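Heads up, the next two complexes both have subunit A, just with different partners, subunit B and then subunit C.
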Partner chain A sequence: MIKRLSQIVWSLFLPSLVLISWQLISNYSPNPFFPPPSRIVTALREVVSVDWILTSVKSSFIVLFAGYFIGAILGLLFGSLLGEFIKMRIIFLPICNFVRSIPSIAKVPLILSIMGLGLSTRISTVAIAVLFPVLMSTVRAIAATKSELLDLNRTLRFGRIRGLVTIRIPAAIGEILTGLHASVQVAVLAMIVSEMLGSGVGIGAFIIQSQSTFRIANMWVGVFIVGLIGIALNYMFLKIERKSAPWYFKSKGLM
Partner chain B sequence: MGQSSLNRMKIQIPNKVLTFVAGIIIWESAAGVVNSRSFPHIGGVLFDLVELLKTFEFWKSLVVTFNLTLIGFAIGAGFAFALGLATALNKKLDLLFSSSITFLRSVPSVVFLPLLIASIGASSRTAIILTALVVSLKLVIFVSRGVLETEKEHIEFAKLYHLSFFATICNIYIPSLFSVVSTGFRLSASRAFGTVIASGIIIGTPGLGRDLLFAESNAEYERVFSYVIVLGIVGTSIYSTFNIIESKFIHWRVNV
Partner chain C sequence: MRRSEKYIEILKLSKVFENNGAELKVLENISLKVTSGEFIAICGRSGVGKSTLIRMIAGLVNPSSGAIKINGELVSEPPNSMGFVTQDYSRSLLPWFSVENNVALPFKTTNISKSDRKAKVAEVLESVGLADFAKFYPWQLSGGMQQRVAIARSLVLDPKLLLLDEPFASVDAHTQLELEDLIAGIVFEKKITTVIVTHDIDEAIYLADRVILLSDSPASVSKIIQVKLQRPRSQAKTRSDPKFVKLRTQLYASLRGK
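Let's look at the complex of A and B:
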């Protein structure tokens, strides 16, 4: 109990020290770009309202979740097919690798020039950013199915598609979940960038508009909220993946 | 050349051709479906790409992008090594920094851009600072894990020979952690390149990212695609280079 308490105190020490020093330094020598934490808390109270949540936050969450689910489902589907069919993998994997190597943010101007501004553009940006990491981790996981399981599939005469669904995908679920988890951060990044580049709505647009109109405390509020969303999604996914495939994470010493 | 390698070549060449043909079919089908000037045909893009490669400005931007990536990567890696070693070797320091590192890793790096523009302006320095931050937050976990995975026998060996603290770090921990960190290098080098491009696109710092955004705002659609192809080639090259170094390093480690 005392050990746990000491751990909590130590882990909160640095953030508290930073916040207190920041507040004290701001009181003695104000910097317009680093408003004191107390001013940011006041701005947080002023900004966060039902209206703001229904416009900015709701719009961002629609983009994030719709884009993530579309990208993840397509990634899982194509990843499973490329993992199962070797000939397809040899032909298409270099193309997927090439597209994945393009920084996800560099794809945004391309999508903007093809689709223009709008909700569908932002959703597509997130979906494309998520698609390739999920696809690659799924291909890797399915292609690495143990030979004993492939023998079992042949013995049971399940055929390729049934074997894929009932044997290979369940066996690869741990690695697939890891890929889906890693893509959450990519999805948040793509959402913010697509909103920053001229959409006018969402938390990303709120941050960039606050900066350009010199409402610096509001900009800090936006940064803080994005951080909280990132932490919440990360924690949520950690719980889901540990519950969905406990055997995999135990074998990796992560549980 | 043996019979088996000849057979392998016979298989490899048609596959590469098939990949190339599949790429063209996918591109042309997409261009057909979109049916707009904003999604040009591959012939126009390849012609524009050749024209782009002939310009001095392109090579200048490429060099600037590489420079910013390298400087940001080097600063970030240095910081990650110092912090990773300190937190892995001292439990109290680990507890002290872990919550802040977890929070910063959860925040998408680009949200710091408006903050950096507000405080230091949109310059090359902004891109370098952001890249260093991204690299250090990515790499610090690998360094820390590498130190913690150092074999106990090696640490005992250092104690037995009364190696000093710095000699233990240089001769025991650093050689041991490199196999874990090499994966971190590969991932964070790609991330560093992506961050420099992101800075160019979002706030207009010099380099290929800014050129890409200019092409998009001037509705030069072939040029937009040319830049994206170049970024794909550079991204693949960075990833492959680190992959080769990594496999060579692991090969060396296994031999030992």
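Let's look at the complex of A and C:
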């Protein structure tokens, strides 16, 4: 209990130091882009209202979660198939590699001009950004099934689909989860970018509007909220990972 | 009954592996018959292709020439009614399934009722001494216990043929002796035809009715020794039996010889 408490104290040490120094320095600094944290807190009180949450934050969450789930599910599905069927992999992987190599920021204008402005465009942006990294990590994880497990699948006479579902996908779950985890950051990035480029709604739009109207403290509020969302999702994922594949994360020394 | 005379028939079996154009002959012209209910051990120096041979019997590797028949049928894929236990239990058990679900895995292709399935799993776990560990996960158990789970899984469908590929090479010496007795007890009670691959000559003699010694590569059958030791055997008595000692000396001489 005391150990846990001291851990919390130590992990808060550096952030507090940064905030305090920031406050002290910005009191004497004329730089308008770094308002003192106290002013950001005041801005936070002004900005955050039920109304604001129900518009900006809600919109961002819908984009983030809907996009992430669609992208992740499609990525898992196609990734599993491409991992199992080598011929499909040979046919589809070059295209996947090409599309994946284009940064999601570069894809946004393209998606915008095809689909126009709107919620579905933002969701698609996130889905496409998540789809490819999830797909690639799933393919890699499935294709790397240990030969002992492939032998087991054959001696049990499971066949391909049953083997994929019962043995190969669960065996790959640790690496698949790592891929899904890494894609959370990608999703947040795609969400912010799609909102910044012309949507007018969401936290990304709020940040860019605050910046262009010179409400720097508000801009900082948006930035901090994005950071908090990132931390919360990351923490959630760590919990999910350790619950769903304890043997994997134990063997990697991560538990 | 005639058919059971030769449950496994290996006919002029050869295997050549190709690697970047280079050919490696592993097995050459191996012929062997195993009668129903017999326990045979395949011995030889490490790397001579013992595992390749048992994997071919299991239908996991195709012969380059020759054939394997089990119960009169040509083997081209893993046959029904076969249990297969490999050396590396930590890689062949599924860590996301509990012990009982690992053991129940072979039932997935059958349509036996849930209660029968449960009863059978409990019975097999009992027979390998893991009745109290059904709800545990493999990674929570010791190596020897994990190998017991693998053995239970190989037995759950009541196989007529049990193939053991260096099954005790990854457990400590004491556990090895325990598991040897466990296997011997089960396969003789159920009259399961059993083939074990091992580099351990003492183990081969202790368990088998016949020991097949493979020559160095390309491996062929260099010696077949009948083991006429009384059953049930016991680790303390059998291993000090003069007949055991004699067979052991004989086999070691053949292994070193040439």
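As a convention for this text, the second predicted complex is superposed on the first by the 240 of 255 C-alpha atoms of A that agree within 3 Å, B and C clash if a C-alpha of one lies under 4 Å from a C-alpha of the other, contacts with A are read in each partner's own complex, and residues count from 1 in each chain.
Convention: a contact is a pair of C-beta atoms (placed from the backbone, for glycine too) under 8 Å apart; a residue touches a chain by one contact, two chains touch by 3 or more.
Worth saying up front: this structure is predicted, and the values here are computed from it rather than measured.
Undergrad: Examine A:Pro170 and indicate which partner it touches, taking first as subunit B and second as subunit C; both and neither are also allowed.
TA: The second partner, subunit C, only.
Undergrad: Is A:Leu152 touching anything from subunit B or subunit C once the two structures are fitted on A? First, second, both or neither.
TA: After superposition on chain A, A:Leu152 lies in contact with subunit C alone.
Undergrad: Touch check for A:Arg162: first (subunit B), second (subunit C), both, or neither?
TA: second
Undergrad: More subunit A residues touched by subunit B or by subunit C?
TA: For subunit A, the partner with the higher number of touched residues is B.
Undergrad: On subunit A, which stretch or stretches are contacted by subunit B in one complex as well as by subunit C in the other?
TA: none
Undergrad: Taking the complex as given, what residues does subunit C use to touch subunit A?
TA: Residues in contact with subunit A: 55, 58-60, 77-78, 80, 82, 84, 86, 88, 91-92, 94-96, 105-106, 108-109, 137, 139.
Undergrad: Provide the residue numbers of subunit A that touch subunit C in the complex, in ascending order.
TA: It comes out as residues 146, 148-149, 151-152, 154-158, 162, 166-167, 170-171, 173, 245, 247-248, 250.
Undergrad: Once bound in the complex, which stretches of subunit B touch subunit A?
TA: Contact set of subunit B toward subunit A: 15, 18-19, 22-23, 26, 34, 36, 38-39, 92, 95-100, 102-103, 106-112, 114-115, 117-119, 190, 193-194, 197-198, 201-202, 209, 212-213, 215-216, 219, 221, 224-225, 227-228, 231-232, 235-236, 239.
Undergrad: Which residues of subunit A touch subunit B in the complex?
TA: Subunit A reaches subunit B through residues 7, 10-15, 18, 31, 33-34, 90-92, 94-95, 97-99, 101-110, 112-114, 185, 188-189, 192-193, 196-197, 204, 207-208, 210-211, 216, 219-220, 222-223, 226-227, 230-231, 234.
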